[in-house]
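Scroll down for the structure; my scribbles are underneath it.
For clarity, chains are labelled A, B, C and D in written order, and residue numbers in each chain start from 1.
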Amino acid sequence: MQPESRTPVTLRESGDGLIRAGVTTFRRELLIAFREKQDVINPLVFFVLIVSLFPLGISPETEFLRDAGAGIIWVAALLAILLSLNMLFRNDYADGYLEQWVLSPQPLAMMALVRVSAVWVASVVPLLLLVPLLGLMLHLPAERIGVLTLTLLMGSPVLLLIGAIGAALTVSVRNSGMLLALLMTPFYVPVLIFGTGAVTAFGQGASITGHLAILGAMLALAIVLAPLAIAAGLRMSVANG
Amino acid sequence: MSTTLLEARQLYCERDDRVLFSGLDLSVGSGDIVRIAGPNGAGKTTLLRVLAGLNLSFEGGLSWYGYPLHQQRDWYQANMLFLGHRAGITASLTPLENLRCWVDMRRPHREELLWEALADVGLEGYEDIPSAHLSAGQQRRVALARLYLSTEPVWLLDEAFTAIDQGAVKVLESLISSRAAQGGAVVLSTHHRLQLDECRVLELGGSLGFAT
Amino acid sequence: MGDALMQFDSLQSLIAMNGYGAYVWSSYLVFLVVIAALVLGTRLQYRRIVLDQQRLVRIESRKASERKPQNESGS
Amino acid sequence: MWQWFHKLGSPKWFFGIAGRLIPWLGFGALILLGVGIVWGLLFAPADYQQGDSYRIIFIHVPSAYLGQSLYVAMAVAGAVGLIWRMKMADTFIAATAPVGAALTFVALFTGAVWGKPTWGTWWVWDARLTSMLLLFFLYLGVMALRRALEDPENRARASAILTLVGVVNIPIIKFSVEWWNTLHQPASIKMTEAPAMPASMWVPLLICAIGFHLLAGWLILMRMRNEILYRERRARWVRDWLLSQ
C-alpha cells in the first residue's frame, strides 16, 4: 500500500468555511471544559469561598450584608474570572496547538472572539447560576439579586474579553498569575463601578437603565476591540515558540 | 521552471546577540525538497518559523506565489502546513478529535478519511482514547497523520523525524517525496540521514546561508 | 513680578509657612528625592553599560590575541 | 516605503541628535524649575481659602499632567512601533515608563499631602486622585510586563499592545471614576477646581509646567541613549563611542 497522501494537492483560494471553523473552535472549547471539569469547578469554589470570607471578616449583620452584598459578589466574580483566565491559552501554548490554531487560515480576531465566548459559556455562566444562591446568603432582597445577576450577565463578558488580552500577552511567561491580575485589574474598574452602581441605584429606587446602557456600551466596545488585541497578543506569544 | 511557491530574499535574523543568518535567499518551487542543515542553535527552527509566518522579528522579504506574504497571510496559511517541535496534540482530546479539530479549521472533510489517516500512521485501535494515554511517539504520529490529510502544497517540517520509530521514518520519507512529486514543496530540518536523492541542502551557521 | 513680593519676612516664617510648612516642604522633598532617584538610576544604567562594553572588548581582544600565535585556522 | 521608515528611526542618527539636545534640556529645566519653584514658594501670594498649602500646586499639577501625557505618548510610540516596526519606538517606551511612573507617584503623593490640611484626611477618594492611582497601576503594569518578557521583540510588541489598550481605557476609567465620585462624594469635599488664579499664581505655575516638560525630556532622552547603547552594543560606532568616553 504505497503511502500516498490521502488527498491530492489543491491550491486553495483562501480559508473558506468561517462558520465551520467557528463552530469547531466553540465545540472544542466546550469539549475540553467538559473533559477537564476541574478547571471549571475551581473558580466556582473560589467564588463561593471569597464571598463567605466577607461576613466572617467584617460582620454578619443583615443590614451591612444587604448594603455591601452586591459589591462583594461583584468583586468575588471579578477575582474568579481573573483566576480562570490564567489557564485560558496556557495548555494550548504548552502542547503546541496554539501555533496550529494561529496558523489556521481564518481571521484570528474572529476565532479569538468565538473562543472567549465559548469559555464564557463554559466557565462564567455556571458562576452566574451561583449568584442567586450567594445573594440569599448575603440577605439580599430577591429583586436586587435579579438586578445583580443582570449586571453580572452584561459585565462578565467584558471582564473575560479584557482579561483575555492579558492572558494572550502573558501566555509565554512562566508563573504569570499575579502579573495577569496586575495588568488587567485597572481595566476592570469601570465595569465594577457601573455594575455595582446599578444595584445600589436599584436599592435606592432610582432607575437603572442608564447604568445598563453604559454596561451595554462597554460590552459592545469590548466585543469589537478586545479580539483585535487578543489576536495581536497571541501572534506575539507564539512567535518564537 | 516550476512555479515558485515560497521565496525569501535577503533574510536577516539575529537572536540574543548572535546573527543566525543574513543575506539568505531561498526559492522553493513546486517539486522541490529543501533540507535545512546545520549544527544545533544555527537557527534552523527560527528560519522555519520565519518561513511559516510565525516569527515576525526578521528583516528581508518573504513572498508566496509572487505576492508579499504579509499581505496574503490567510491565502498562504490555507496552503501551508507547519509541524513544529511540539506535536500540537491536546492531551484531553482523542486523536480522532484532534485531527477533526485541525482539519475542520481548514476545509470540509469526510469522517472516514480521519480513520484511514490514523490507520496509515499505525494507530488503529487508539483512535478514541484520550491522547494523554498515548506515548510521545504515538502523539507525534497523530501529528504525522495530518500529512496524510493535508492538501496543502507547502510543508514546513521542523525536526520532522524526531521521536518516531524506524517504520514511521520510511512512511514519512515516502510521503515527502510523493508530496513533491504531486507538485508540492517541502522544507524540513532533521538530523536524520535522509534517503531522498532529489533534495537540496541549505547550510546554516558558519558560511553565508544560501541554497547550494 | 507684579504684586508678587517676598511673602515671608524671616527664615522661620518661611519654614513654618503659617502652619502649612510640613505639608509643603514634605511634598517638595519627595519631589526632589524622586527626581534624584531617577537621575541616579539613569547614571548607574549608563555606567553599567560602559563597563559591560569595556569588559566585552577586553575579552575579545584577549581571545583575538590567543588565536593570533597559532596559524590562522579559518574563521 | 517600509525600508525608508525603518531608516528614519536609525539609532545612530537619533543618538547624535539626542546628545546635542540633552544639555539644553537639562539647563533649561534647571533654570525654569528654579525660577518657577522659588517664585511659587516665596513670592506668590497665599491663597485666601487654603493659605500656603496651595503652594504644592506648583509641582502637583505639572507632574499630574505629565504623568498622563507621557502615557499617551507611550501609546503613540507603541502604535508607531507596531505599524511601522520601528525599533526606536520601543526604546521610547522603555525610557519613558519609569519617568511617567515616578511623576505620577509625585502627583499622587503631593495630592494626598495637599488633601490633609484641606480636609483633614491623608487620602481622599477624589475623582482625580483615584484616576491618578489607577494610572500609576497602568505604568506598573507596563513595567512588570516588560520585565517578564525576555525576548526584545516580544517585549516591544507586548508593551505596545498594552499601552494601546491602556490609552483606550484611560478616558473610560476617568469617566467612570468621576461618575462614581459624584455618586458617593458629598459636594463639600470635592477637590476645588484650580481656583481662578491671579497672574502672580498661574505665571509661576506655567513656568514650572514648562520646566517639568524639559525635565522629563531631559530624563527620557538620556535613558533612550542608554537603551540605544545597550541594544546596539555590537555595532562598531557604539564600541568606538564607548571606548572614547
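Assume a contact is a pair of C-beta atoms (placed from the backbone, for glycine too) under 8 Å apart; a residue touches a chain by one contact, two chains touch by 3 or more.
Given the structure is predicted, the values throughout are model-derived calculations rather than measurements.
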Between A-B and B-D, the pair with more C-beta contacts: A-B
Chain whose Cα mean lies nearest the overall Cα mean: A
Whole-Å separation of chain centres (CA-atom averages), subunit B against subunit D: 47
Averaged-CA centre spacing for the pair subunit C and subunit A, given as whole angstrom: 44
Rounded Å distance between subunit B and subunit C, as computed from the means of their C-alpha atoms: 51
Interchain centroid distance [CA atoms averaged], subunit A/subunit B, Å: 34
Numbers and ranges of subunit B residues touching at least 2 other chains: 56-57
Where subunit D touches two or more other chains at once, by residue number: 151, 153, 157
Touch relationships between chains, expressed as pairs: A-B, A-D, B-D, C-D
Residues of subunit B defined as touching subunit A within the complex: 15, 45-46, 49, 52-57, 74-75, 77-80, 82, 84-93, 97, 100-102, 104-108, 113, 116-117, 120, 130, 147-153, 171, 174-175, 178-179, 182-184
List of subunit A residues in touch with subunit D within their complex: 162, 165, 169-170, 172-173, 176, 179, 182-183, 185-187, 189-190, 193-194, 197, 200, 214, 218, 225, 229, 232-233, 236-237, 239-240
Partner subunit C, residues of subunit D touching it in the complex: 37, 39, 41-46, 51-53, 55-56, 59-60, 63, 98-99, 102-103, 105-106, 109-110, 113-114, 116-117, 198-200, 203, 215, 219, 222-223, 225-226, 229-230, 233, 238-239, 242-243, 245
Subunit B to subunit D touching residues, read off their complex: 17, 56-57
Touching residues (chain side subunit A, partner subunit B) in the complex: 2-17, 20-21, 23-25, 28, 31-32, 35-36, 91-92, 94-97, 99-107, 235, 238-241
